[in-house]
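Below you'll find a set of structures to go through.
Both complexes shown next keep subunit A, but they swap its partner, so subunit B is in the first and subunit C is in the second.
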Partner chain A sequence: MEFVVNKREFVKALSRVQSVADKRSPMPILTNVLIRAEASGAVHFAATDLLLAVTGTMRADVKKAGSVALPARHIFDTVKALPEGEVTLTVEKNFQARIKGARRRFDLAGAPGEDFPSLPEVGNVPMMSLPAEDIAELIALTSFSMSTDDTRPHLAAALFETHRAMLRMVTTDGHRLSKAERSVSGVQTGSKLLIPAKAIHELRRLVDEARSEKREDGSPAMISLGAASSQGPVFFQRDGMTMSSKLVDAAFPSYEQVIPTSTDRSVRVSRQALLEALRAVSLVSADRTFGVKLSITPGRMVITSENPEIGAGMDEIDATLTGPDVVIGFNSKYVIDVLSSLSCDEVVLDLSGELDPGVVRPEGRTDYIGVIMPMRI
Partner chain B sequence: MPPVAVIALLAADVANQIAAGEVVERPASVVKELVENALDAGAETVTVSIDGGGLARLAVTDDGAGMGPDDLAMAVVRHATSKIRSADDLIGVATYGFRGEALPSIGSVSRLRMVSRARGALEGAECLVEGGAPAVVKAAGCAVGTTVSVEDLFFNTPARRKFMRTPPTEGAACVETVVRMALSRPDVRFVIRRDGKVVREFLRHPDVAARVREVWPDETLADLRGARGAVRVTALLGAPERARTGASHLALYVNGRHVKDKVLMRAVAQAYGSTLDAGRYPVGAVFVQVPPEEVDVNVHPQKSEVRFQSQGQIFEAVMTVIRDSAANAPWTRAVTRPDAFWSERLPQGPALEARGAASTTADAERDASPGAAEPRPSPAPMVPLPERADPGALGVGRALTAFVTELPETEAPQDPWGRLKQAPYPPMPYAEVSPPRGGASRSSEPVRDEGPHAEAAPRGDSGLSASSTFSGLHYVGQVRKMYLVCEGEGGVVILDQHAAAERVTFERLRKSFAARSVAMQPLLVPERVELGADEVALLEEHSAALLRIGVELSTLGPTTVAVRAVPALLTRADPRRLVRDLVAELSRQGYDFSRAVDLVLATMACHGSLRGGEAVADDEARALLRALDTVDFAGHCPHGRPVVFSLRWGELERKVGR
Partner chain C sequence: MSGDIESVISNAAKGTLLPVYLIGGDERLLVQRCVDAIRHATVGAGPRGLAEDHFDGKGLSASVLMSAARTLPMMARHRLVIVRGVDQMGTAEQEALIAYFAKPEPRTVLVLVALQLDLRRRIANEAKKNGFLFVAQHPKEGEIGPWITREAARRRLQLDPGAVESLALLVGPDLSLLSDALDRLSLYAYARAITADDVEQCITPVREIAAWDLSDAVTSRNLASGLAVLGRLLAQRQPALPLLAVISRQIYQLAKAKQFLASGEKGSLAAALGAPPSAAQKIAAQAKHWSPQQLARALKILAATDSALKGARRGDERVLEECLIALAGGPGMGELADPRRPRGA
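The block that comes next holds the complex of A and B.
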């Protein structure tokens, strides 16, 4: 196998896949990146940790077709370390790879490409095309409330729902929930996919890359999405790149039930003012529980927190209250997460009793809500 | 119509083979049965030979009472035993074997040869059993005692043979079995040969401690003893940082019988508290003596399981004895190399005396067991050392003696009983932490003259509070931005700054956690947990206490509870796991909620503490030393790593050749 390519192209192609390679896997082949050169001039890259797989393609001057698996970290680091300009990769007997740029060169021990596990292929899975911008927003609005506990896979995941012309993403860690929606064209009816957190983070990279690439015709960057079945795998595609992931085989909580349908009171505040007040006051909240108290009366909201070992903090912001006064405690981090993911000027807090879930939503919009369980301080 | 089956008694050889399936699982179980018989025969020396993993040949030779020709023939008949006569004898069984199943079972699946001569008999006899065939007995010449050899184990049960592991694995299991039995019988000399070579040899000792140390020569084992009511506990256990995952290096004995008992294992782990990660157990052996009528050993054919009449009481006894005497264990204070470590590496000076003392002891032991082979030189880490016999020579103050030496002379194993009973109780996590007071102290230093901590401070006969040790050190400086170097009266003391700070933070967090009402985080989606009916009842019974620590549960059904709220501190924890841990805690006697919270607090302490790589000002370092004095188990960080290393002047001088 042998091909010549510009170093930048090579680095770009490798950087997309190498992060997925499982560098600590007990299966040594998974620490590698598969590189396969076709006589047509296409060079394919692939890496997988068996949960996720990413494949990409670049164009190169292929002298001799073939395939090889090379250690992900080393191939990436060494190609990056080559001088700018043309790079030649040659694979010789015993899968010894020589990477050469100008007068600098590296020899890396590889493995036969055939040893690499076969990856899921899109085949004839029906794909729908969605604007990358919308997916990026949905991820930003919801990914913070995924659980980080891998032992609870149904919560360490995001629910991806399509319904009519609606794309919806829902996450919950058991204490709070985020639901965001975007209406998009090209959505087929009814599908529910539970995508593991790790795939969501990788999807974010894919989407960000798509958005950062200028398109000549000025059309929005698109991502194609499709799933072979409700068990997966799910595929995400953009120009020359495919990511696939297994789906979580567990039931997501029936989230509609925990979203309050009506509340006793409603408070409108400036998003920025509340965010700043919470960040400041929570500095003195009790050891790592980030508990703050909101005392809401007509016209104002007083934010306090107390830690017997440090002291106390207090701030006051303007608020418009509809309904009776209320004092309610929250984990300030949960509220901050929601507020900082939004971009609107004003937010509305829909509250009932001090033990009932509270809702945070952007003023005048229905395409996002955050549900937060209050804290008993 | 199928023919009607006629019910008939099984032929004896078939019954024996069935019984063999229970008793004779693998070579190691044969070894166990044969060594037990040898010990029951009053042997002083037991030699075990294992060839080809015990599958090719196994032999156990003893110098016990021996048997005459008639006894030999009888021994291989099922349910024939000399050890009990009636069912009443089952209560208070004092011998290892009693079921009368072992020899006939072994004989039915191997070629069994027994040679024996009773004491006082003129000649011996030989008995051969092959694959369960009737025994052939004839006269034979031999020494007093019995040799039982088992060849071609499972030669006639190929199914069983197929399940054997490789000879090295089976052989190792055999050796392990003998070691386990040797641990509880220091009065018997054991020789283990494997494929012709002596692999282990244990000499006779007057005390079990010496035997345990002989088994684990590389470990510094603390000698912890005490009694609670009728339960007597003798434990020889290693330091928490040497703990292993799983309990394979923790040997448990009830009335001298090796058992695998989860309750006892948990009691040992519980005694170590937060210094042990979950699932880790210390290295060593624990011997529990209970009145024979309190324990049922006839639960399992291999007798490795027992049942206690009052399980909770045994748990408490084991846990409290270990916990309370561990305050004086060598490893709860600074870590020093045992002197044997230096004496092996440094050729001159007091080390030679140390070696001399060690060999004198060994000589005495050899004299006590005539006919013993030349003992292999062993490091004998716990042999009393010249320095310790004369602390003045080291220039060590009394308080520092308790601090820098691994075993002060007053705590030598020879006189452990009276003293350790007076050992103060170190405070239990939560259970004994002072009740909530109005406002917690604002001072970063915990209040020292209140609560059980202050009472726990004085240790040992020295009458000096151990708390003077850390702040009494002269702080010299920081090296590598990781270690604090101090000069003590006895030597150089080096502290891991992160581990020390972590230990202090942990203690502070724990106190403030206990002193306040707990912030609770209700769950958006209550979590269902399936449990046993008794466990649900247990949780209901304690629901008020659980609510106080921030856990709100509601019962959904006889075997289902819903978790409605968790302590805000534990928001990242899985509620289901939390509830299961709580059930485990509750089902033990007493309620201390230590594990889950301790683990979180330990993690928080780790994140919130001074790290390695940070510069420390002199004042900060001194404040840290003072704060360490207020902490129990100050020698270890909450994860069980040692905080302190000390180098005594003597060691230092030898190192530099003075």
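The block that comes next holds the complex of A and C.
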């Protein structure tokens, strides 16, 4: 196998796939990137950890077709270390790869491309096209409340729901829940996909790349999404890139039951003011829990925290309260996560009793809800 | 203290829960059963849900743990927070936990499992003061058989009494190993009663046998157990004469206890025997199964055995086996012809 390609193109293609390779896998082949050159001039890249797979294609001057599996980390580092300009990759007998740029070269030991596991293919899976911007927003609004506990795979995941012209993403870790929605056209009805956290993080990269590339016709960047079935795999595609992931084979909790249907109190505050106050006051939170107390009366919200070993902190911001006074404790980190993910000027906190969940939503909008369980402070 | 663990399990079954448990000890099966019972009572036995958090103590920050413990449960009455390896948390992190003991969140059940519980550590002392400390220990010798019987009944297994004894003898007081042995026996003797032969066939001896196991078997007049213990002791290359000395001492103690109790002398039996009170109590209980005539005969048998071993005409194992048979009431050393003379000579 032999091809010549511009170094930047090569690095870009490798950077997309190398992060997926499982560098600690007991299966050595999974630590590699598969590179397959076709006589037509297409060079395909693939990496997988058997949960996720990413494939990409670039154009090159292919002198001789063939395939090889090369160590993901080493091929990426060595190509990056070559001088700018043309790079030649040649695979000799015994799958020894020579990567050469100008007068600098590296020899890497490879493995037969045929040893690489076969990856899921889109085939006839129906795909729907969604604006990358919307997917990016949904991820930003919800990914922070995914559980990091791998022993609860149904919570270490994000629920992707499509319903009528609505794309919805929901995550929870049992302490807070985030639900975000976007209206999109061309959506299939009634599909529910539970996508593992690792795939969500890779999807974020895919979406960010799509958004960062300016399109010649000025149209918005789009991502295609499709799943063979509710058991998966799910596919995400953009120009020349396909990401597939297994889906979590478990039921997501009935999240509607977590969201309070009615509350006794509603507080409207400036998002930025509350964010700053929480960041400051939580510096002296009690019991190392980031716990802060919100005392809300008509016209003002007092944020306090107290730690017998350090001292106490207090701040006060303007607030518009509908309903009786309330004092409630929260983990400030959870509220800060929600407020940081929003971009609106004002937020509304819907509250009932001091032991009932609180709801944070952007003022005047219904497409986002953050539910946060309180703390007894 | 394993009774404490049993009470945690039974209280949990009734729905009575504490806000904090610090659980440790050598008996891993009981620790696990205790944690399972608490979990079942708190959040149910199904897959892990919204109202439970599990942490590994190694490298765990107190802020993460306290934050979880202080957060009210989502879609449940209680939040369950389990830390495995609380003893591997740093001292400063443990201090935060100790502070939590004083004012725990009432709607959280915090279960701290110590892998190697050190009762001298501050966290153990503070947990004890607050009534949160539970230690699971291996059962005592006399509790092993009843535990096997209870466990077999729980699993609806039928065990012959001999099988219970053999199992206790071969496996010892480690309940995890006993539970595993019952699993294997239930498969081996599927749909029928498990016998001592089944135990012999399936179970590899893992228990360390000591000389006093032999004297216990003799004084409780359990011939099957005595012969099995003897076989294992000799397989461990234990010399015969010291074994006989241990048996002899125990029989002398029985005789002294019998005499002391019959005489109605004032003073303590322990002082008379030169033994700790618990040992004296055990000897007194065993002495009830021996008449003065039986004890006198036993002493003769022991003397004859001593002579036979020193004569070294026959194998030690055979001499000691005959001794045990005779001590259990069968024909033996004392009634036979001169033991120094080889049989058939």
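Keep this in mind: the second predicted complex is superposed on the first by the 375 of 377 C-alpha atoms of A that agree within 3 Å, B and C clash if a C-alpha of one lies under 4 Å from a C-alpha of the other, contacts with A are read in each partner's own complex, and residues count from 1 in each chain.
Assume contacts are C-beta pairs under 8 Å (C-beta built on N, C-alpha and C of every residue); 3 or more make two chains touch, one makes a residue touch a chain.
Keep in mind it's a predicted model, so treat the numbers as computed, not measured.
**Student:** Overlaying the two complexes on subunit A, which is it for subunit B and subunit C: clash or fit?
**Tutor:** Here subunit B and subunit C cannot both sit on subunit A without a clash.
**Student:** Using the superposition on chain A described above, determine whether A:Ser118 touches subunit B (first), subunit C (second), both, or neither.
**Tutor:** Touch partners of A:Ser118: none, neither subunit B nor subunit C.
**Student:** For A:Ala250, decide between first (touching subunit B), second (touching subunit C), both and neither.
**Tutor:** After superposition on chain A, A:Ala250 lies in contact with subunit C alone.
**Student:** Of the two partner chains, subunit B (first) and subunit C (second), which one does A:His175 touch, if any: first, second, both, or neither?
**Tutor:** both
**Student:** Once the structures are superposed on A, label A:Pro357 by its partner contacts, choosing first (subunit B), second (subunit C), both or neither.
**Tutor:** both
**Student:** With both complexes superposed on chain A, which partner does A:Thr151 reach: first (subunit B), second (subunit C), both or neither?
**Tutor:** both
**Student:** So, does A:Met375 touch the first partner subunit B, the second partner subunit C, both, or neither?
**Tutor:** both
**Student:** Which partner does A:Gly291 reach: the first (subunit B), the second (subunit C), both, or neither?
**Tutor:** In the superposition, A:Gly291 touches subunit B and subunit C alike.
**Student:** Touching A:Asn331 in the superposition: subunit B (first), subunit C (second), both, neither?
**Tutor:** both
**Student:** Which one hits subunit B, of these parts of subunit C: 150-158, 186-194, 294-302 or 312-320?
**Tutor:** Among 150-158, 186-194, 294-302 or 312-320, the clash with subunit B belongs to 312-320.
**Student:** Let me check the overlay on chain A: which residues of subunit A are in contact with subunit B and also with subunit C?
**Tutor:** Comparing the two interfaces on subunit A, one with subunit B and one with subunit C, the shared residues are 149, 151-152, 172, 174-175, 177, 253, 258, 287-289, 291, 331, 355, 357, 373-377.
**Student:** Which stretch or stretches of subunit B touch subunit A in the complex?
**Tutor:** Residues in contact with subunit A: 439-440, 442, 509, 512-513, 516, 519-525, 527, 565, 568-569, 571-572, 574-575, 577, 604, 608.
**Student:** Looking at the complex, which residues from subunit A come into contact with subunit B?
**Tutor:** 148-149, 151-152, 172, 174-177, 253, 258, 286-289, 291, 308-309, 329, 331, 355, 357, 371-377
**Student:** Going by the contact rule set out above, which residues of subunit A touch subunit C in the complex?
**Tutor:** For subunit A paired with subunit C, touching residues are 149, 151-152, 154-155, 172, 174-175, 177, 250, 253, 257-258, 287-291, 331, 333, 355, 357, 373-377.
**Student:** Can you list the subunit C residues touching subunit A in their complex?
**Tutor:** Interface residues on subunit C, with respect to subunit A: 47-54, 61-63, 66-68, 70-75, 96, 99-100, 105-107.
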